[in-house]
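What follows is chain A paired twice: with chain B in the first complex and chain C in the second.
The block that comes next holds the complex of A and B.
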């Protein structure tokens, strides 16, 4: 242990804090996924709050602040809370969210009352127990880190062994039961895993905000990957990053660690929600906007084409009257067409260039093909599980099927 | 179609299940012949899904037994492939199509060990068979309803079980996929697999299935579709008013599929 800490290029107390935060981040990141993915994040919150009276009772019973004893108390109380939640859900008609709320508030109230009683008891040992509320990374000692490491290693090994059954039970409970998996026991196992993560984080992050250490890494990782294995690895990394940076910052600033960790984590999550490749909200907006503009420009192209068939090249005003679309939309679509070199201007009048006419014909062709699909699609076989895409039917069905459709449409017209 | 002397693929006896005070199934005796494609039909709330789930031990039964190939069902789960209703699943779960199908091999491969080459081959051919090989790396939520159902059926194929139980497999999917999957189920039956399908479309039952159980909390009738899917029996199961058809129209509708 001492050897490991001397490897970290930081002053000794900071190195202990960093190592502890690393253990916490990795463990809570991985184990938290088993709360977030089955949509049981609030159970994690309730269990963290439920751990507080356990810490107090352990202190009252032992009369000392031995980390192993306090965390054992936290674990027992957390498990009792978990069992209560499950019992309330199964035996009464109270819904899960209400059961979670009841257990959280009752246990936390009990914890606060015990904490107050202890602080008035005059026991000289009691100073510092209140750090289990908001967490305090500063002052962490090697012995704390050793206990955290042991619990974390046990939790992570359990995940490694049970990964496949856990995945099946979380994704599809019914199927998991049908292949003989003990689904309820697995759900209990995930709860035990959560309690393990909470026990590790209680001293550093505190009961009130521990849920963030469980939720933030899994949510961030889900933005980056769509598979469980990589998700757990990324969550471990995110947990480590958030935990270590938050703990060191708070230790320097002499602030409670919980809030600092949460703020660091939330920054990361917000950035990923907006910017993650594929799932980022901003990319989604940009993609939809691009598609709308493309559709709007294509529609204008087709409108000009059909008006040119009917008479002299139209003005934008005439297109607006014929198509009943708002003028600002049309002006923007026209700018897009101009930029692509698809229209030419004769004063006020609009003409399609050669490439513009080709693009208009291609668009009309796509519409005709879709109509042909609706009318004759049932007659042609489509390989595999392809989904017809109205905007690009040829691309989605393949050339062979598209050619057959065109032939069928021609025969029907003849 | 049913070889004489073969035990029923699935049999339930005196099965009673209740949610709260009302029984969902009440003393149901039913057996589904081996090597046949059987349908379970009945009105909403008649206990169709419950029958399958209770037979597999997924919901506790108040009374009764179920057996697969003559053995107690809970000890014969390796002979059963179950395709649950799709509503029960979290579609945003981080899992790919291929990983879903691999779940069908978990029992064979063991819970902890890696999949062997043979398991991977079975997964490949199951994906191929439902036309999903090209989509194997997609996240399951990025699929259409029909493609999701194909993935679920591929998972059942990968189980290589003699009995396949499907719960409303065609609910909410397009007609093209329904026809393709119905054809696939027929091929499986021809190759010797026994199938039991909870189904809501009375018209296709008569055309595509061999055997039917008409259920409404109790077993109303069971037997070859030609004998069971009659206006008289269906009226008893559904109540005449709810079908809104006279006998002749109902007969026509049944034969139309």
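The block that comes next holds the complex of A and C.
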């Protein structure tokens, strides 16, 4: 350990903090996924509060502020709290968030009742007991880093060996049970590791940072992948990245480590929520914009086509009057059509080119098919609850079904 | 009003204000909003101290309320992207706000003692000592403030009953009938934020967090009707206030803690004995079904 720290080109205290943040980040990243994905993200918060009665009981039993005993009390109370959360959630209609909230508030209430009992006992040692577990980024101790590293290693090896069973147990309990997996044992194993990581993390960095360190990596990784294996890897990476960069940044800015790590992590998540490829908010905006423009251009194409049927090629002004759409939209749609070579200009008048006419017919065809689907869709017996894509009905239903729809529409018209 | 009654009424008002909102939070899977707010108000307190150089209750509460609103709206916005589950959104927003507060203290206010416990988190035992003169009668300040908050919540829930109900159970349906789930959700969350901050100042964070979640969860186990759920939640809260205070006096324990534990007992009783959703009722139903199945198998074997 000492050798490892001396390898890092930083002053000794900073090196311990950086290494600690790395270990914490990886461990919390991997184990946090097992809290975030089943929608128990705030289990860290609950266990931070649940630790209080454990610490109090340990103090009452031992009569002294022995760190090991208090930590053991916190761990036992945390485990009881975590098991109760799962129990409440599994055996009643209470959902994870409320189960976590109930355990959090009940344990903390118990804790403050025990605290008053202890303060009445007159034991002079009791001062600051409630602060014991809520240090905000208390000084990192090497031993804590080692223990956290062991918990992290256990978590990683569990995940490596048992990825498939864990995945089955997490996403489909009934299935996992039916193929003979020990669902409860798996859940207990991940819960024990999670509790261990949280309790040690509480002492290392405080409750609030621990909450964030469990949530940030899993949420960030979820934006980048939808598969559990890669997600766990990415989460570990994100945890390491956030931990180390936060620690280095805070050392440079001479600010407390915990808050800086939290802010770095949350900013990273926000950036990913905006920009994650194919999924981020900005991607969604761009996609919807593109689709609106395409729809608008197609609508103009169809308008020109139908006006050409009714009389001489129309001007844009006539299209605007006929379609009652705002002129700026129409002008932009016309530019799009021009660029695609679907429209030709006769002075002011607009004419469809050959490819433009074909595109207009195809669009009209799609519209007819969609009306046929709305009217006769129930008759063609599509397997399962298919929700077809309105932009490409033929593609999503298949040619056979689309042909049947057209036949039904023709028969109904005749 | 004597001191005992003042404390019970204060706790009862908190129980009513929280019981009116808690069921909607539990139904919307954001039960922990109160806890999130309890941490997220720190930067508001720090900002007030830095800008106005004061720790007087009123500006501090206003600053805290501002950040409580920021917190709930940020959580709602994250949730609204559809990319983050609501529990994870809570777990991202309040640590970030808390972290900003801690950094602010570290940078600018390190020399003064500025933390949540000393500035905003009240202790319910001290409620009778701060009084106001209302029409010649001396009334505890907390009773006045919390009475007003409770009244506002009551009006809010009564006026927006249908939108709240519709958006809690079926946001898609409410959209089609012209109720915006986004607006209703924001309204509810802002009410939670303001209620929580006002109540923190009087009775402390943990009692507020408890009274939002535990009575509502208890009610959710006992009934399938929304108005009944709200009524039961308020009732359980009052039970906690009255019995909890009695217990705390007898055992000489923390009042807030004892009230929380009475609510916990209510939850456990409902969890075990609820006629429809309790553990025992479920077990009875299951064993009955199992016996019926065994009988059916036996009959088909003999037939």
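Some notes on this structure:
Heads up, the rule we're going with is that the second predicted complex is superposed on the first by the 253 of 414 C-alpha atoms of A that agree within 3 Å, B and C clash if a C-alpha of one lies under 4 Å from a C-alpha of the other, contacts with A are read in each partner's own complex, and residues count from 1 in each chain.
Here is the rule we go by: contacts are C-beta pairs under 8 Å (C-beta built on N, C-alpha and C of every residue); 3 or more make two chains touch, one makes a residue touch a chain.
All figures in this text were calculated on a predicted structure; none of them were measured in a lab.
In the superposition on chain A, contact is made by A:219 with chain C only, not with chain B. In the superposed model, A:374 makes contact with neither chain B nor chain C. Of the two partner chains, neither chain B nor chain C is touched by A:362. Once the two complexes are overlaid on the shared chain, A:150 sits clear of chain B and of chain C alike. In the superposition on chain A, A:104 makes contact with chain C only, not with chain B. In the superposition on chain A, A:275 contacts neither chain B nor chain C.
Of the two partner chains placed around the shared chain by superposition, chain C is the only one that A:95 touches, whereas chain B remains out of contact.
Of the two partner chains placed by superposition, chain B and chain C are both touched by A:39. Looking at the superposed arrangement, the partner reaching more residues of chain A, out of chain B and chain C, is C.
Chain A uses residues 39, 222 to touch chain B in one structure and chain C in the other. The part of chain A that touches chain B in the complex is made up of residues 37-39, 161-162, 164-165, 167-168, 170-175, 177-180, 222, 225-228, 231, 377-378, 382-387.
Within the complex, the chain A residues that touch chain C are 36, 39-42, 44-45, 88, 91-102, 104-106, 108-113, 115-117, 120, 136, 208-209, 211-212, 214-216, 218-219, 222-223, 255-256, 258-260, 262-263, 266, 269, 273, 276, 279-281. Residues of chain C that touch chain A in their complex: 26, 29-32, 35, 39, 78, 81, 83-88, 90-96, 98-100, 102-103, 106-107, 206, 209-210, 212-214, 216-217, 220-221, 251-254, 256-261, 263-264, 267, 271, 277-279, 282. Put simply, chain B touches chain A in their complex at residues 53, 56-58, 74, 77-78, 80, 82, 84-85, 88-90, 93-96, 99-100, 103, 106-107, 111-112, 130-135, 139, 141, 144, 146-147, 150, 155, 159, 176-177.
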